[in-house]
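Letters A, B, C and D name the chains as they come in the text, with residue numbers starting at 1 for each one.
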């Protein structure tokens, strides 16, 4: 991890779409969705550092991202791409992780600037997380200090190509190797670390559960975590006294 | 029925009052109630008899207009009955030192006699005598609670009362000076020639002011709030409920018989309106329940004056209805207020300590503001429909006054109801609230007002039945010619022939 | 004993029963049976239902007779009472008693209200009418005053209004008697319109003011919201649903039957431009707008609904004043429609109060997962209140709009729509602040309201929905009421109305709407990927970590921008009038007290005597 | 009966397709004004397909979903009440006024869904959006009133027939120019683009109502936007531009109606909520009332 070589650029091999051979209709459908995914990318630019300054030119008339179907979006729910544009301080990283976890898959992370690759000029900072890929799967790094808009655009085009070809599936990695990422996060933030999202539950729900989803770190997490089961609607009618008891009931 | 029984209704209580100290102690407490029961029975009998035709008694056999005449039409009989019943209900049963109690009982009996006398008297001189008798006894009763405040208030009352009597006397003198008689029937006969001029009107006005002191007429009623607030509740109830009505009755008789003039009516109307406005509005800000009731009764009597100002049987019917209704309601309210003196805030939560008392208060309040089907509504209906039927705009204005003041009345009465049913005072205010037995109702007061409430409800249920007798009473009373004809058969036929 | 006698005796019997054993568990069942019996009796009888007994008092005949117009209101009254009765018969009533209130008195007040209203609705002459009117007012007072100190205070504020109204009516009554010589309504309907303009105007003013107070028309509306909101739960529902409509009933009789709208239109303020009828229409329109936007400012769910109750009254009156078949049908239909969803809404709010202990819109939120049935009731209720399809509120409002369009009253039409839009805003705030958004930690263990509360609410909204889909069901009663009142009768179909100038067929509209929802659901659930529920704390907050102790439900000052613009326009509207009257009364009272406190009464007496003599002598 | 069922199915589809191209046009116009190339032809479709095809979708509960269902379903229903060339759907059973109210259902649904998300940004956005609705619907109903009064009917089929009877000379825009201008202004506000998009305000309240919408929830909103554009423009065309004589003219008119406000929109910053109220209650209102007065006299 401390050497440049050990930083994965593409973490996992692309998975073949299921049922790839048999059903023609399903194939067409998968192709269509893959195509649409690659041609419609909503990005959330988490402007942590100086790299953000290169995005406006990339978006506006000079380079016009929209012709590629790329638009800026505002909240993680709406976004497909998380752009991390610069150095990541420990405090910021917490937010980035939360934001990443709140995004809907398939989701892609792009690290812009050298700082996200290896800490860059903040290599020696005690308060900066050096390698973004330790904490979440990164699909694309656009190195440079700062990378010019041309580089940003070309990086995005490459991501599009990857998506189109089904090569960019790192979001699965986060579910499958959650224990790994969580471990790194815990190392940095301490063992009380948790987000209000339920990654393990999602992994189960969407069938992304892997052998490394759970492990010692998730066990630690479960010890600390206040359970965050969503409120299900419930009827619970009747009951003579419960209402009265609950009246002033404070948790 | 023998007309000589009429004398008994005056004589019996008077006699009993004077003989009371002589009666053995064991029986002494029974004398008064027994006498009043007898009077009540007589009143009932008289009412039955007089509904068809009024009764006349020439006392000592001297024919009117020379002798003393007692005239009992159905109204007078009813008031005799009312006097007896109300006095009985407000009878001072005890709870006091013995000699003081004797005095009170005697005074009450004298008051009953005077009131009965006022109702049945057929001439102005007797009216004046009984009026003075009633006045003096009421001074005595008002000061009976022997507190300093009561005595100050009574002193004020005495001064006003005496001045009023003086004015009334001057008025009577003027009338006598002009017409040479004081017999009402005779006066009624002579009035068109002798009294329907400014001087006659002035005499009427003076009498009106004089009697008005008792009838809580506006201008001369400033004694009422203090006296009612400081006197014992039953005395206040007697004065507000009974004595005032009898003074009113006399004024009404004068108006019908001697002064059926627009000017006289106008004076009554204007003073009635002012009384209503001043009473009800003053009550709006009252902070003490007895004062509030006092002002309310001023207002109600204003309404009665307005009613009697309406010409014809309609006015008399309305006036009688209001007067009788008030006669039932106001004493009951005063009885309830006996233990509720002081600041209104102290009543907070009274409904919990005395639920029956509070419920009765609410019932009387509803009737007082005229919520159908309680009798108060019919009284108000008669008054208003009488007023609306008059072409003169002043009557319409009076109607407006009645309507507006009723709203004010509802607000302050229900403010009290609200306080009683509201939350009990807490913390610092708690000291103000009388706790324990202090403002629960004594059984006798509750029983008394319970009887009044029963009367009220009975009247509400029987309203359709009461309409006919009331109408007949009103016709009887408003028919001046019949009065003259009954008392002075010869003259009436003469003037009838002359026409 | 004929049908009306039976009806009234049943009602009186219930009042008696409530007094005797209203606090027991048996009573609600008995009352439920009796109310149902009354409903059946009422719906099944031939019209007009005349009472066998009558009185003669002070020369006036007093009698009772129920026609189609009265029966329409009576049905709604008893229906609302039935729902309220069931609601308070269960757990709600037990809690109410446990809190130290008297359930017996509450039941008695409800039964008393029903009896009083039935008497009012079936009055055959003005005396019976006034008796019913006053009984209704005071029975209403009794219902309002129960449930605590604040309720009592609010009810006391009602007293001067109620009495003022009653006295205005009484004044009108005696003047009517004096001018026409009769108080019989049938007789009056022939005679009253022949009175001169001046007399008619005075009568109109007196009666209309009296009736408006009950109905809460501007500017006499200030009492209503607190009085209705603070009453005990089912009482609020009953009051809100029907009580104020007695004013509308009376106005309907007065304007249409007795005076006739064309005569009212003769009373011109400015010849040909502004008549008394226009004034009424404008009062109704302003009553829609101002109270609705006052409701928008409320932070208590009960007050919010109560203010809407005032506003919705405006639609009803406006419809009746328009006087054509469509408008009056809309106005009348709105009485029924409004009663159904308003009662349901109020009951839902009180169900929330029952569980959480508060109706404060700033301390609730997220209850949809805990009280889904109550939420459903409120959702359907607010759709009705806002007047959107498919609920019945849409149909009645549509009829009123339609009438205003056809009659060519653009400004009045605009007012009604402004009212509707304001309602949409305010009801969204209601449901949002109560049921949506963050569920508070202290409410996590809340349970749904018990059956005794949910069943009446659900029944009411189902009724509101069914009569929204098939308004013809309710329009048959409305047509009967129109006929009884002498209005042109609406030609209706089961789904609405058929007209070349634009018809309304709710069956189709609702059908298509639900088909649309179906397709929408198909697209959503069928076409998309699987979804997973997330916890409310898993929420976008700019990267901030939310926790249960942080309150992030946006509820206070909900329409900040709007209020910034329009708030100053109506802040404290008409309260100045009330306080001016109160101050004037206070001033007058002080002056009068000063008179009675004067130091030298004897001098006054002498001066008065001299002045009086002078007046007598020289006048 | 079969006929009408087919219409009911086809009309929303047509509306959606046209609406999608309107979205494209809107984005293209914005791009051209900003000297950009802009999105490719099928970009709106790509966006919608991608959103629906998201592998993980987070929902805040049943109501969050139902809100979207209501938002889309309500518009699907509304489209059947809007006559297009050759198809009348159920326009004769529900007039203009009904249509106006039916189109409030999607807004209500959306509002419910957003409320369930428990995000204060969303709630603020909805509060502002409802305020904006209050702002533009008031002049809108004035215009509806004027048009209905002029044509003597609430029924869009008749409104369109009356206009087509006499060519351009009998179009609403020539007969009631003031109302037409007011209508265009109102339509502009209704479309919710600059300067009337305070309820979205991305940098302030994170796109307001859409803050928690991802995946098919957001996709549903995109679909709804297509419908919304179509509905607003089709209502305007039916009231003032003679409806559709044939598909070609109809589509041209529709696109023109959307193009006019959109060509202005992207050069504006945005109004605050209270200023939206002020501006919409002033100009279109005055014009509309004057127009109604002219129509009625």
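Going forward, a contact is a pair of C-beta atoms (placed from the backbone, for glycine too) under 8 Å apart; a residue touches a chain by one contact, two chains touch by 3 or more.
Quick caveat: nothing in here was measured; it's all calculated off a predicted structure.
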item	value
Identity of the chain that, by mean CA position, is farthest from chain B	A
Chains most often in contact, by C-beta pairs	C-D
Centre-of-Cα separation between chain D and chain B, whole angstrom	78
Centre-to-centre distance between chain C and chain A (centres being mean Cα positions), rounded to whole Å	55
Geometric centre distance via CA averages, chain D-chain C, whole Å	35
Junction residues of chain A - those touching two or more other chains	75-77, 102, 202, 206, 230-231, 233
Residue numbers of chain C (touch at least two other chains)	366, 368-369, 439, 530, 532-534, 536, 538-540
Chain B, residues touching no fewer than two other chains	none
Contacting chain pairs - touch in the sense defined above	A-C, A-D, B-C, C-D
Chain C contact footprint on chain A (complex, rising order)	75-77, 94-96, 98-99, 102, 195-198, 201-202, 205-206, 226, 228-240, 242-244, 246-251
Of chain D, residues touching chain A in the complex	27, 31, 34-40, 43, 45-47, 49-51, 53-58, 60-62, 202-203, 206-207, 210-215, 217-218
Of all residues in chain C, those that touch chain A in their complex	91, 94-95, 98, 354-357, 366, 368-370, 372-373, 439, 441-442, 444-451, 454, 530, 532-540, 543-548
Residues of chain C defined as touching chain D within the complex	365-366, 368-369, 379, 383, 386-389, 394, 398, 401-402, 405, 408, 410, 413-414, 417-418, 421-422, 424-425, 428-429, 431-432, 435-439, 495, 500-505, 508-509, 512-513, 515-521, 523-525, 527-534, 536, 538-542, 552-555, 558-562, 564-566
Chain D residues touching chain C - in the complex, by the definition given at the top	8, 12, 52-61, 63, 65, 68-78, 80-81, 90, 92-98, 101-102, 104-105, 108, 111-112, 115-121, 123-124, 126-128, 130-131, 133-134, 137-138, 141-142, 145-146, 148-149, 152-155, 198, 206, 211-212, 215-216, 219-220, 223, 272-274, 276-278, 289, 292, 296
